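The block underneath contains the structure these notes are about, expressed in structure tokens.
Note that the chains are named A, B, C, D and E in the order they appear, and that numbering of residues resets to 1 at the start of each chain.
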Amino acid sequence: MKPPNLFRKSAEKGLVYSLVMIFMMMIGFHVVAANLMSKVFGVTVLRGSIPEVRFMAFVHILFAFLFGWGASDRQRDKKSRIRQGLITSLTAGGIIALFSVLLNYLVEAQIDIRQYLTAFSADSMRYFILNQGQSGIFVLFAIYLFTGLLGTILAIIFQSEKAQTSRQSLKAKIGEAAQTFSDKMPTLVKKHWKYGIYAILVVVLLIMPMRWGSYYNFVASVVGVYVIAGIGLNIMVGLSGQLMLGYAAFFAMGAYSVALLNAPTPHGIMLGFWPSLLVGVVAAMIGAVLLGLPIMRLRGDYLAIVTLGFGEIIRILLKSDLLIDFTGGPRGIHAIQGPTLFGRSFTSDSDYVYLILVFIAISIFIYQRLANSRTGRAWLAIKEDPIAAQATGINLRGYKLLALIIGAAFAGLVGGIAAARNAFTGPNDHSLMVSINVLSLLIVGGMNSIPGIVLGAFALRGLPEILREVETYRQLAFGILLIVMMLVRPKGLWPGSRPVLEKVDEEVVEEISTEIKKPKRKRTHA
Amino acid sequence: MIATKKENFLLKLRGSGTIIRYILGILAGGYLLWRLYRVFIVQSAFGLETWTRLLIAGLVIGSVYALIAIGYTLVYGVLFMINFAHGEVMMLGSFAGFFVLEATRAMEVNGPGGVATSFSNAYPGLAILLAFVAGMSFSALVGFYLEKIAYRPLRKAPRLIPLISAIGASFALQNAALLLFSPQTRTYQNPDILTRGQGWRLMINDSAVILPYTGVFTMVLSIILMVGLILLVKRTRLGKSMRAVAMDKDTAALMGIDVNKTISNTFIISGILAGSAGVMWGLHNGLLHYFVGFLPGIKAFTAAVLGGIGNIPGAMLGGMVLGLLEALGPAALDISFQLKDVIAFVIMIVILIFKPSGLLGEVLSEEKV
Amino acid sequence: MLNVSNLHVHYGAIHALKGVSFNLEEGEIVALIGSNGAGKSTLLKTISGLLEATEGEVSYQDEIISGQPAQDIVSKGVIHIPEGRKIFPKMTVVENLEMGAFLLRDRRLVAERMEAMFERFPVLRDRKKQLGGTLSGGEQQMLTMARGLMTNPKLMLLDEPSMGLAPVLVEKVFDIIEEINEQGTSILLVEQNAQMALSIADRAYVLETGRITLSGDALDLMENPLVIEAYLGG
Amino acid sequence: MPELVIETKGVSKIFGGLTAVNSVDLQIPKGHIYSIIGPNGAGKTTLFNCISGFYTPEHGEILFLGRKIQGSSTDLIAGMGISRTYQNIRLFGNLTAIENILVGQHTKLVTNWLDAIIHTRRYRVENSTSLSEAKDILKFVGLEGLGDYLALNLPYGMQRRLEIGRALANGPTLLLLDEPTAGMNPQETVDMVRLIRKLRDELGISIILIEHDMKLVMDISDHISVLDYGTKIAEGMPKEIQSNDRVIEAYLGPGGAALAAKYQSRKRNNHA
Amino acid sequence: APAAEAPVDEQPVGDGSDDPCAADDFGCAVIQPGQTIKIGMSSPMTGPYADFGIDAQNSGLIAVADAGQVEGFSFELVAEDDEGGAEGGAAVANKLVADQTFVALAGPLFSGATAAAMPIYEAAGIPMMSPSATAGFLTLEGSRVFNRLPFVDPIQAAAAADFMFNNLGVRNIAVLHDGEDYGRGLATSVKDEFEALGGTVSAFEGITPGEADYTPILSTIATQSPEVVYFGGYNQEGAVITNQMKAVGLEDAVFFGCDGTWGADYLAQTGANGEGSIHANTRAPEESDVKAAFDAAYLSAYGVGPVVLSPFSYNSYDAVTILTNAVKSVAFLDADGNLNIPRGALVSEVRGTSGFVGIGSYSCDAIGECNVEGPAFEMIVNGEWVVLD
């Protein structure tokens, strides 16, 4: 509670905040932010042109407000919170003002440093200081100071105990309402509400692909492909604990099997989609055996790097001169024929969405049955403690290999489907980034959890699509979001939980131990 | 009552891993010998001058890989996490060095003899030193804040979590550099005494083999840095505390070790090495853009694992081996250069199959239960 | 010397300590007994700075130490010997002992102390170069004890020092505890072997599900029927 | 001579220069509780590791029901019917208690992944029997009602019991217990003794026990062997061991009550 | 090789029938007042090839600004990131075609994305004009909508081989490529053509793109003493190779690049090492006003000149301009004041481009190849590009 400490911390905060703002300007993001802001106000701006100045002012105000809001610690008393807000806003505003002075100087002296820092065009710099020159700097400083303070004050009011309790009581009321609602529900419905939700979900999934247009269908099928891939990788990583960084290799085996067997070039075999898909799955499984057998002794990160190497080897070979006549080289294979089912060929995008949905359902089915079986538990035991697992009689190599093979089969499957859907596959579709994306979706979503994997696939593949709004900034935003997601939910968006198998009277448990953490209730065992 | 059970056929593959390992090993070894025999005895495709050139290239690449690999190994050794963003740390250091050299190049001074030249040519040593200082300190700074923001809050989380955070950081840093500095490819402006491509000329088989100044500079400097690092880790309390923190953070704290500071220092040191590697790489090859960190990052990570991750001399050896493999492998085995990474990875896999914890990694013999 | 007041500690949703208060005077041996999961180790970890209290304060020599990082507390002479043989598994015995003396910069002193430890635990001398992780359970236990004694602590927090030790060694460990106490080290002792603990301690506290339920003179507690029934196998 | 469950003939295990187990001969009869005691570092755990397949002894033979087992991997040995617990608990922490037991049943079960996917008849049968057996075991080790807790969230004493439960799950012939009561208070120790007896009496399992708690060992054992520096220095009934001078000197010392009295009297003197 | 025989038969636009929209295969795009006419762009704007995409966007924005208005409606460039791959190409295509004010696409830049996206644009009736996708097959499968500006591999390769063999008079060359679609295709054709002329290709090797040190491979090539090192790929690797050739015994060999290596960036990166190297470029009207204006606009808008980020700045500008021109010639106002753009007519209009003169000059043939003239070769002399004949 010593004042110098408070001062330094707040000043540091102000510094960090101002650096965030300055960084935004340095990458030119303030224009995009103002652009988005103008969209909020219903004004559209032509791409590549600069929105009205007032929107930039709004951006400054918004950020200043947020900075002020975050400036103070909840624990402290009002007076020191205000002081914190003041100091933070002062430092942030001061540094931003200083930076603006620099910008103004650059503009007036017509110094062009875009050679080094691309975003520093005169327009963009002037825009940051609200097109006002010198006076704009004072306005800016005032914005940061006063809006910042406002933010602090509002934060104090909003986070006060009174507000807190009123919010809590609101929550309680909602909870009550939900309770009465569920009380009033007939027991039968209550018991099976889960299935009701599933049913609604299924109906929605069945109808939507016909309604929401090709773009969303496309995104949905990409996400769907990643869901299946995620389930497969989860068997390797989430269940059996083998860190795999070369998953794309199995993906490639499926894709190339379908491509080579079912495209006019380079071989023109035209075996048909379904048989070639089967070949793809089998090829991926064989690949897993060949990779798996020799490396079963490796652990953790050694396994990771070997699998990474394996993935790269496959990718490089696919595009190399060595195999070019066989694989089509860097150019890839195009005009891959899609499936026909009951004499009807798959043409529209919704067809593929349905196809993928069917396979997702099958994958989930297989996954669930495996995960809760003797095999699944043996995998988990290996992941937890391989030595103890072996000593309980589990054949380490066999089970690890089995996990690789089954996981690879899933990869081969989706690889083949994706190739047919895109009607194209090439070596760059199977790069390291694909492996990393699948791994990331697993961890972002939550391992060993189907809803987690679905959410993760949305986050990893859907999010970048949504982020198209912020154009070139999307990968930056995506990277930052990835970090933030991990910091906020380190167990994943929807982490898996263990099934409830014993099912005993709650009260007995309470009696035996009140101190132990209870597991989340999940599905019951059949 | 001895149980006999029917198991799935896949689960019966007990022991066959070892057999396959050896079959693979013998095949690989045989192939290698046959290739070497063809290249050196039968065809003798290249003269000594070519081998020398390849060797020089391999050593330079290897020493840069080694420097970056140490960063991976240090961080791994302490936190058991793969700092996926390490390549980007190097890239940013390279940019810092680049800007310093640009500035010194643009600055006009009265050089010796009163002739107006650029600062970087008048005081080349100083200019290079400044570039290194800038590169090292910027990378150190990035490493320090990276740990503080993206990894520290995750210290208690399962190991894969910080890995994903690191992947996010890698994306973010790469794209931040792209947006700040544009995707343009930059060229390092060396002071004239270190002009790229210039070097000592050795005459071998009547042809001039150039021993480039930048290459020698890179090798010498990285050896100095590595020796310094080993001394630092072996001789100082920092090294001790790093080992202790690696094994058990709580117990280390009970010994009076500042765990946070130790980890921060680890990131700072690995940043310094990455930054120096970035500047060296820039001086030697000239090439710089937002993506230059990615490939060396992956390679150095490979090198670190090859040497035995967590082991500093291992990282150096791994880096050198990988560099030499890349340079000499295709020529020695008479395989297309396009497949040099395939060769490197295959040999790495073969090595790991026989030494599952890397070249110098600890041999995990009978584990205490 | 050590004053703990109204300490609350949570592991996520688990409320492990629920308002623990006690004190320890200079030169005392205070025993802390309680069944499994009562929160004894949690209490020691909170005092030594490994865990953060959600409420309450720990003060040591009139200075509030709760909230300070562990390494700062150690440097004040508070040494915590944790339960469960927390040696550094990939360091040799000698290196482990050196780690115990991390805060000592005088090499000669370190060598001296190490010699003294080898005198006390001759087994460790035989195992000098062996990796900590490969020691037997009891040897590891001795090593943690020896490592903690390297710095000559003012206050020692001992968590189940006799666990897994052969009977002869149990005697030895308790002799050592007595000895260092006589040399001026105050001791907070957690033991499952309540009989021994109460025999050696001046005062004792009984901890049950995160609360102190009994306290008093150690010998008096030994006669207490509740203690006899629950902790002395009566 | 009763049927032997384990017979070791001159078993030695050497680490570098150190002979941790030195030519040890043991004959362990079926249905006994057989204790191995000895000073710290005597080689008790190492001997366990040899029997359960973690280590391959350099010399000697280990016979399980007359069959040579040294050199086999741990999973095969587990499959033959030898289960164990560890000195430092090694549960599968992120699995629930009952899942730990189900994993323990591994060698007893036969269904494979294909059965699991198609839910064959034998899978359904096996699944329900194994689950109910697991519940029985939970009850047996006194963890009824805690089956759905993650193992790592259980307190220490319960983890010990769960570990025994896991070891029991595959219906072993022989159970190796390494300091099962370490870190337990006297009350809990009494419970553990009861449990161990029950194992032998109700399930007919042979047990080898390592312990430092002499009261318990003397109480429970049918037969005791004493190791020191890797060699067997004594063996016999509890009574014989208790009075063996060599054992007293090397291992036992004055004993708990006497020790306590020693400190108490010293303390009284100091106060006086 | 694609033949450029049959000229496109002019399809009548608008006149003849009362309602051109009803007559059109794909109907009309109807732009309401206040909306813009969207020209799409599909290129990698993040990841290792971001420089290509960003450069194309930069150039496209200038082209759109230069295009002015049609009947009071302005153009808007919608540049989307396709990451250079098939997945991204298809994503962008799906996203773009969902917007009915989107009428034409300048792109995709890369062949992989193009192959995957083509069917989607085909179905929606969106004319494509790629500034840089060179894979041969793209135009060989009867696409109505796909056109491109770069010369296809076989034409450039034949010209390059001929130039080396006959103009430079060399007989022993080494051919390198970056292992990617474009570079490898080109290099293979050069090898075939040069050997067909009777020359020797003493080395044919792929490199790993994105690396900074190619001395090992250059050292081994040096043992063959080639007179020319031909490289199929992009300027980044090209520049590194040029710089490193000097130190490994290839100092006498000439670096011979392609249109992928041509550009200002190569000059900046190679400096003295680049002197005497030869590259292919579009046969362009020299130093036209259009080019000068574009150069100036680019420099002032982005602080660096064109063809620094990628060699395709000029092509991108021309591609967009061709598309906006075509829109201008088919668009008409309807009774409600909306701008109607008959999509089918636009497709034919773009395919029918002939005698276009922008920064380069282009005429499209029946399959959509718009640059059949073949390249000019330029040599660096004193840091300047000099056209050779």
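The working rule: a contact is a pair of C-beta atoms (placed from the backbone, for glycine too) under 8 Å apart; a residue touches a chain by one contact, two chains touch by 3 or more.
This is a predicted model, so every value here is computed, not measured.
Under the contact definition stated at the top, the chains bordering both chain B and chain D are A, C. Within the contact network of the assembly, the step distance from chain C to chain D comes to 1.
At the far end from chain B, in terms of centres built from Cα atoms, lies D.
The interface carrying the most C-beta pairs in contact is the one between chains A-B.
Relative to the centroid of every protein C-alpha atom shown, the closest chain centre, again from C-alpha atoms, is found for A. Averaged Cα coordinates give chain C a centre that lies 75 Å from the centre of chain E.
Taking each chain's centre as the average of its CA atoms, chain B and chain C sit 44 Å apart.
Shared interface positions of chain A, defined as residues touching 2 or more other chains, are 118, 320-321, 387, 391, 395, 402, 472, 475, 515-517. Residue numbers of chain B whose C-beta contacts span two or more other chains: 7-8, 11, 14, 175, 178, 182, 184, 336, 338, 341, 367, 369. Of all residues in chain C, those touching 2 or more other chains are 37, 134, listed in ascending order. By the touch criterion given at the top, residues 36, 45-47, 50, 54, 61, 64, 74, 76-81, 84-87, 90-91, 94-95, 97-98, 111-112, 115-116, 119-120, 135, 137, 141, 179-181, 184-185, 204, 206, 301-304 of chain E touch chain A in their complex. For chain D in complex with chain C, the touching residues are 15, 18, 38-42, 44-46, 87-88, 155-158, 179, 182-190, 212, 214, 250-257, 259-261, 263-264, 266-267. Chain E meets chain B in the complex at residues 46-48, 50-51, 54, 179, 205-208, 210-213, 215-217, 219-220, 222-223, 235-236, 239-240, 243-244, 246-249, 265, 268-269, 271, 273, 304, 308-309.
Considering their complex, residues 46-48, 112-115, 118, 120-121, 213-215, 217-219, 222, 265, 319-321, 324, 329-332, 334-335, 349, 418, 422-426, 428-429, 433, 465, 468, 471-472, 474-475 of chain A touch chain E. Put simply, chain C touches chain D in their complex at residues 33, 35-37, 83-85, 123, 127, 130, 134-139, 141-142, 160, 163-171, 174, 178, 192-196, 199-200, 202, 219, 230-233.
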